[in-house]
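Look for subunit A in each of the two complexes below; its partner is subunit B in the first and subunit C in the second.
Right after this comes the complex of A and B.
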């Protein structure tokens, strides 16, 4: 079988930048998927138990195919599972926004809202320069539309509820705001990705569009946030949070209990 | 399907393709017969709707070299994918031809791909077929006085609804 790395026709700097982009996208979806799956069985209402589980399943499904694309590109003997599970916590490249634990329901909704809207802006920035990613993204965007609708319904509900719901939600947004733009940090080698058409626009443009959208949603609800552009250097923490280390222990526990087992 | 092209797509997924071997070489079956066999393969959660009527079969090639089936996942993370792929291999095995079955994202699966027969069978099975919210009807009593309880249901492709006329909850396929 001919590996994608040979088939792709990409030069080395572009391939390296693409690998970084795929890893960031996959790790983001993987981490928020696992984190939100923690609500399965204990969400505030039954419908949300189902919804958070379904959304988590979507995110893990997206991460799986992104890891598969990355495995084909790297062609270093690691498959999608090895990429997903066989790294130390320090080697994950999820954005800082996702390094926070799921917290309470208000924090979960605040994070979902910030991530879903930012992720949508990132997906909208993918060009057709590398068909395997472009085709996958076209499919993912149709599914993500439901995540955004779900998040917006809850933003409206919590913000308009007043009382403790609004207080907690506003506090969660404020706490997450400094890390939210890290989802849209410019990837290393962005110029090469733009040149190859793998990115259709720079992440700085995606960030500006996203910030305008977020302000447009929160403004009428009387909530203001400070959102500053992030750089690749500050996208992820060199030392992951204790929340993430705990989550890592959870999502690798089965894999580590019997490495290489098949199901 | 040419292996090179297959591997350009996300169908690279580990275990994405299965190839069945063969011992004998009877005359190649015609495409219509193969498609008819695929009409007997269904999503395990919706046994009454075949993968053909769900619009999952994007390409079918039947030639002297064997049979190639290109499937589209309804949802990227649908856990039924491996089951359905194995079921297609198994269903075609009696033909005794080399068979390649794989998934791709070459074109996105959309709910518009479900055939009229597929929509009728969904309704008969108790699911409202995909529609814009104003067009959703209760699959039991046909009433349009329905309300969506949740965008998300027990599988990725379904949402939760309630019929105010017959006062029953039901599930509708998401338009996607």
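Right after this comes the complex of A and C.
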């Protein structure tokens, strides 16, 4: 797809808002993908090791196609790899929810559950105003369905297990709850995105739908969470966490070892 | 399942947490056998097995192990303990001749050869090619 074809029909404010939305979506998938891939080799059982690694790969795959779309839109000479790897930690726009490290298994499952359900609500908010994104999202949603199923299977088991499993899981949810809604913070220029049909509904509506869904899942398990809508200003931290700086050092290490090399 | 009914499969009875595969997510990890279909219309073939605490996670793990690269269109997952196994060779491979149960019927080759010897005739050459040792029915056998 040529840059010209993906840019056609968008005015400058809309294009700029779209670029911000794509970057946030791509960074979210990229960061959780890399973070969860840390379980490779050390997940609770072999089968879960393969499952979690495969899900992490899916997220990196989603990040890749979103970065590619963004590269075409920006048309500034940077390709998907440059967008993914050649930024300083401060320039990443991942949600605060993903600024936490993977923690223990309970934290990872809590984060996956909160992210997968919120991401699904965000993907369901993408309209058909910009066909390249609409077509991509239709494919991504087919894969994300499984991620939610996997997360829910674990939520149910950890919550019903009682004992240490439930205690750790409930504590992880509580620790992540203040940052979870940041995934669904309204993007800058949301009005233009709605006007262009790139967004089919405002993120505030996506947030309300997501919160109802989360409460509907956790309620029967006897877990209550406080989830407050996030604003764009609170989406990401101006100063990334030490967890993210460490992760950034990991995922950029190979790229930085020989800048500009062909792999 | 019989005590030694593991010919098709390579793992034994249910595995308790802490044993072999480490702590399970709850309950006892059990082997589930996975059958996969490569494309619509193909037979279901045994693909392998996974350890899981229940059918739901077994399906998730089967998906990751046997179709994460898109190599299946359908999976069947069944608890190994629910599979009936018959591997008694007295029942499956009877020691006496059972060739009369084969679609080709009795193997007549030796009897026919003896009869030809007695009659002093030779085997019709044109039909020699249809004789084989598999018990398959050939015109010259009857």
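Criterion: the second predicted complex is superposed on the first by the 257 of 263 C-alpha atoms of A that agree within 3 Å, B and C clash if a C-alpha of one lies under 4 Å from a C-alpha of the other, contacts with A are read in each partner's own complex, and residues count from 1 in each chain.
Throughout what follows, contacts are C-beta pairs under 8 Å (C-beta built on N, C-alpha and C of every residue); 3 or more make two chains touch, one makes a residue touch a chain.
Model, not experiment: these values are computed from the prediction.
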Point to revise | Simultaneous placement of subunit C and subunit B on subunit A, clash or fit | key: clash
Point to revise | Which of subunit B and subunit C A:60 touches, first, second, both or neither | key: first
Check your understanding: Between subunit B (first) and subunit C (second), which does A:68 come into contact with in this model arrangement: first, second, both, or neither?
Key -> first
Practice item. With the two complexes superposed on chain A, say which partner A:149 touches: subunit B (first), subunit C (second), both, or neither. Key: both
Review point. Looking at the overlay, what does A:14 touch: subunit B (first), subunit C (second), both, or neither?
Key: neither
Check your understanding: Just subunit B (first), just subunit C (second), both, or neither: which does A:125 touch?
Key -> neither
Point to revise | First, second, both or neither for A:79, with subunit B first and subunit C second | key: first
Exercise for review: Please work out whether A:135 is in contact with subunit B alone, subunit C alone, both, or neither, and reply first, second, both or neither.
Suggested key: first
Review point. Which chain, subunit B or subunit C, is in touch with more residues of subunit A?
Key: B
Check your understanding: Touch check for A:37: first (subunit B), second (subunit C), both, or neither?
Key -> neither
Practice item. Go through the superposed model and pick first if A:51 touches only subunit B, second if only subunit C, both, or neither. Key: both
Practice item. Go through subunit A and flag every residue that touches subunit B in one model and subunit C in the other. Key: 47-48, 50-51, 54, 146, 149-150, 153
Revision key, fill the gap. The subunit A residues in contact with subunit C across the complex are 44-48, 50-51, 54, 146, 149-150, 153-154, 157-158, 160-161, 165
Check your understanding: For the complex, which residues does subunit B have touching subunit A?
Key -> 3-4, 7-10, 12-14, 16, 73, 75-79, 104-110, 149-156, 160, 174, 176
Check your understanding: What does subunit A use to touch subunit B in their complex?
Key -> 1-4, 7, 47-48, 50-51, 54-55, 57-62, 64-65, 68-69, 71-72, 79-81, 131-132, 135-136, 138-140, 142-143, 145-146, 149-150, 153
Check your understanding: In the complex of these two chains, what residues of subunit C are touching subunit A?
Key -> 21-26, 29, 50-53, 56-57, 60-61, 63-65, 68
